[in-house]
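Chain IDs A, B and C follow the sequence of writing; residue 1 opens each chain.
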Amino acid sequence: MIASDVRLVDHHCHGLLFGALPAAEFRLLATESDWLSIDGIETLDSPFGLGIRSRCAPLLDLPRHASIADYLARRDELGAPEVNRRLMAATGTDVLILDTGFTASDVVSPSSMTGELGIGSAEIVRLERIAEEVAPSTTASGFLADFREALQRASAGAVGFKSVMAYRTGFDIPDSPFTAAEVEAAAAEWLAGSDPEAGYRLDHRVLLAHVVWEAVALAKPIQFHVGFGDSDVHLHLSDPTRLTGFFRATRASGASMMLLHCYPFIREAGSLAHIFPHVYLDVGLVSHYMGPSAGSAVRESLEIAPFHKVLYSSDAYGLAEHYLVSATSWRSAISRIAEEWLVDDWLTAGEADRIVEAVAAGNARRVYGLGNHGLNDRVLEVRGLDGRR
Amino acid sequence: MIASDVRLVDHHCHGLLFGALPAAEFRLLATESDWLSIDGIETLDSPFGLGIRSRCAPLLDLPRHASIADYLARRDELGAPEVNRRLMAATGTDVLILDTGFTASDVVSPSSMTGELGIGSAEIVRLERIAEEVAPSTTASGFLADFREALQRASAGAVGFKSVMAYRTGFDIPDSPFTAAEVEAAAAEWLAGSDPEAGYRLDHRVLLAHVVWEAVALAKPIQFHVGFGDSDVHLHLSDPTRLTGFFRATRASGASMMLLHCYPFIREAGSLAHIFPHVYLDVGLVSHYMGPSAGSAVRESLEIAPFHKVLYSSDAYGLAEHYLVSATSWRSAISRIAEEWLVDDWLTAGEADRIVEAVAAGNARRVYGLGNHGLNDRVLEVRGLDGRR
Amino acid sequence: MIASDVRLVDHHCHGLLFGALPAAEFRLLATESDWLSIDGIETLDSPFGLGIRSRCAPLLDLPRHASIADYLARRDELGAPEVNRRLMAATGTDVLILDTGFTASDVVSPSSMTGELGIGSAEIVRLERIAEEVAPSTTASGFLADFREALQRASAGAVGFKSVMAYRTGFDIPDSPFTAAEVEAAAAEWLAGSDPEAGYRLDHRVLLAHVVWEAVALAKPIQFHVGFGDSDVHLHLSDPTRLTGFFRATRASGASMMLLHCYPFIREAGSLAHIFPHVYLDVGLVSHYMGPSAGSAVRESLEIAPFHKVLYSSDAYGLAEHYLVSATSWRSAISRIAEEWLVDDWLTAGEADRIVEAVAAGNARRVYGLGNHGLNDRVLEVRGLDGRR
């Protein structure tokens, strides 16, 4: 089955950490929770924990199913750079499309990822970060133009954008852009309500939607965090069908809408991808956090969306274990699905291979303009793609 | 297993097209989207596309898995009437309960369906259409009586009604009927806001609920579009549990409530069917659009609802391919489920057959009063049912 | 596989009926509906009906798959006490944590359950009941103190609390407790709007949330009814992610939050249990009502939550058949899941056993402080646990 060695384009992921990692920090990176389990309970007594012990341990020369404690000890012994190289090589990834939203964090940049790992990379710009960077040196009346200029500058070096609106207010974007006066009024409120010493955090309802509309004008893919994620998400407000009117309004804009993760709204996301020619989905993030159950998410993502609308991502962050468990879970899940469809004679083996390849890489290459070998004449920032297999 | 040849009553479907069909129009009919895929991408690179190529192609003398292009060429060659006859015969359907809501379209009438195909038919009247037909010749003060009279007239020739409120405002029906004054005020607003030249479209929140309450008084089944469908549905507003109060208020009305399609609210619909003796569900529409995954929907529809509350429908529209892929997918899905339950000794083979038959046809015959042979002394409009097996 | 004989702690259930039960009453207890099916239709033509006929009938010396009528006749012949003993013994339960919310009903008390069945029991106090008991003898200004005192008194004899807010207003709890003035104003409204003759029913939005906040202060587990249940639940208002802010506010309170049943919000509940260290879930109630499909719910409950956050319950009420079908369905479901994970080498057989035991009993023992043998120095009300295996 092609899925065991098809090359991946991971269309939404984050940089790795290359420094030493205390056990508690590893555990916190290995859950979406902001807190360890209560005293005496192993935080990684979880589906993802099974993934680390069964999928990653052997790549670190440990017996399969080694304990978390043994795994962490061996990880320290090898050092993060070696662990990262081993696990990332085993993912079979050709291109990493990296969200560089957390600038203050220790995860490395796209160029460092390519330099350290020999894997091509491209960049996604987080919309809220641009606004937050502009804030200290702009005014209410200057915000619209200053943000626009900053976004264009950032856009030149990126293959797309990301919105984390789901974490701030839930999905709420009007069907048409705001007027300049509305943006100015909102910027005045936001700037007046922010403390420059504490740093700016874009949480203004109008501006969160405004920055998305600004990105639409640039006609590159826009990624939306959807559903399960950090502790600040209110799931019921992050149902992507709340964006139906916005999707209708932007259908012919040239901007593709990428629904990320989507748990537990996978069917909602698939329905939108069925209806709107510019809407896509993936089931990253849960691809590793669901561990042995990841196939349930992959399966739902293939229920109703056309096959050219489903993508692969890991949403890995900091840990190569995210990347490895995602990739192996996805490979075995889609292989199993394809085999079932073959047994029931829904398609030929050649078609199954074609669909698997499209989800693994082809759809992302097309939407992000990456070209067949990862080279991209539009986006020079795709790095280090020559000379690989 | 009985499911491979049990006869079907398709309790919600639409007329077929019998004329020549350009390729682009076929593709648009073969998706719920209003738009083709972006340039260079096959719109039918989709689960339903696999269904057409694997399930329909052999019935048109093509190799299984023929390309969409080859399929369309062969379809043209045979002509729609012959294609319709071949595919419809293979569905194993005894009665088509046809929603005649789209009067302006080219799909044929119930009597033409029976005449062309030799399959019995009955009619469902779309509530909004009756209101829209009454509008040009009524007044605000006359609307209540004029609509009521028109509905009674239409009702005489129909086995039930349909509401597409989910597409207009989402589900929003108060627990008791409106007063005459409220209806008059709403009709005044609607009529004043409509352009007779452009045609009337019932989108007034009060009137959409009023026409449902009028149908309740006639004590026939009322079908509700639920969930996934055309591009104008806002999924999160079409959760059928928003009708809980209305269902409580109508429990003893004599009107059955038929929840159609229900994706992704199948579990919600099943929960309502469990609680309210007059609420039923099906998983039509996705039965073909999910292609190889249709079994997931069928499986969920059987989780929590009593077996006498689940029905079969295709929601086919225009294309016999909808009918054929729905029927074959449903047959293989329910067969597999029944086999699993048998293996785990949850029931006897006889009980499995009984349940399959009830979902396939028996429940619909009972609810719509169709009788054992499709003859229906209450509903004379069930046509052409004599002499068939 | 350990799951076939692992001992259970049923962390949310209700007393049994030990008196004679007319057929219609049995049927009404065997559905969440408040009404029998329409004339001529067997109410238990349902997934749970299959469970009774296939799982319970043989334990009453009937052939497997006996009809409901034969089952009820044999049940009468044996008498409820003997039926209860046979079926409960077959569940393999060590401790019943009983919700004693319905004081007016005929189901027996925790001490009677232990006395009749030889199974240990502990008590859950329903918050709304305490308020309703306090109401006749309090005043608006006295309510806060009187309720607090009554709750403390009840709490001494209980291992936790239960809220049925989902049935009354849906989930709606502010992120901080109300002020004394707010509680007094709400109590004044509630008491003035209630008819002492008819009895008090706590349906005031502020008070429903207030009683939960009062329970938080006592630092014992609080159970929340979530999702599918009686006919008065509005499912879309009982999505547990509406409690996200409340969970954030109570994370370090010492009170655990137990999400019960959760259908169809199992993935939402699992997401919350992943994020918040003090949130737990189960899939009781549907464990019997889904009959052959119960495995779907069990499977989803294990997708994203850590394994130390998932519990077993039946939510059985009145009928030992609830207990028996829940237990056997859960055992076969979790066995199948564990076997699949073993085949795919996600864990060792020892780990599978450990996880199954934790969900079956260990997690509940830890959260409710039951101790290894059901003895609990904190909660003296755990009864009758000595001398059992």
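We take it that contacts are C-beta pairs under 8 Å (C-beta built on N, C-alpha and C of every residue); 3 or more make two chains touch, one makes a residue touch a chain.
For reference, the UniProt names are A, B, C = Amidohydrolase.
Owing to the predicted nature of the structure, the values given are computational and were not obtained by experimental measurement.
Undergrad: Would you mind working out whether chain A and chain B touch using mostly the same residue numbers, over half shared, or mostly different ones?
TA: Answer different: the two copies use largely distinct residue numbers here.
Undergrad: When the Cα trace of chain A is superposed on that of chain C, what is the rotation angle, expressed as a multiple of 5 degrees?
TA: Rounded to the nearest 5 degrees, it is 120.
Undergrad: Just give me the whole-number Å value for how far the CA centre of chain A lies from that of chain B.
TA: So the centroids are 38 Å from each other.
Undergrad: By residue number and range, which residues of chain A touch two or more other chains?
TA: Answer for chain A, listing residues that touch two or more other chains: there are none.
Undergrad: Please name which positions on chain C make contact with chain B in the complex.
TA: 31-38, 41-43, 45-47, 49-51, 53-54, 64-65, 227-228, 230-231, 233-236, 263-264, 286, 289-293, 296, 332
Undergrad: In their shared complex, at which residues does chain C touch chain A?
TA: Against chain A, chain C makes touches at 239, 241-242, 244-245, 248, 251, 267-268, 271, 274-278, 299-300, 302-308, 340-341, 344-348, 351.
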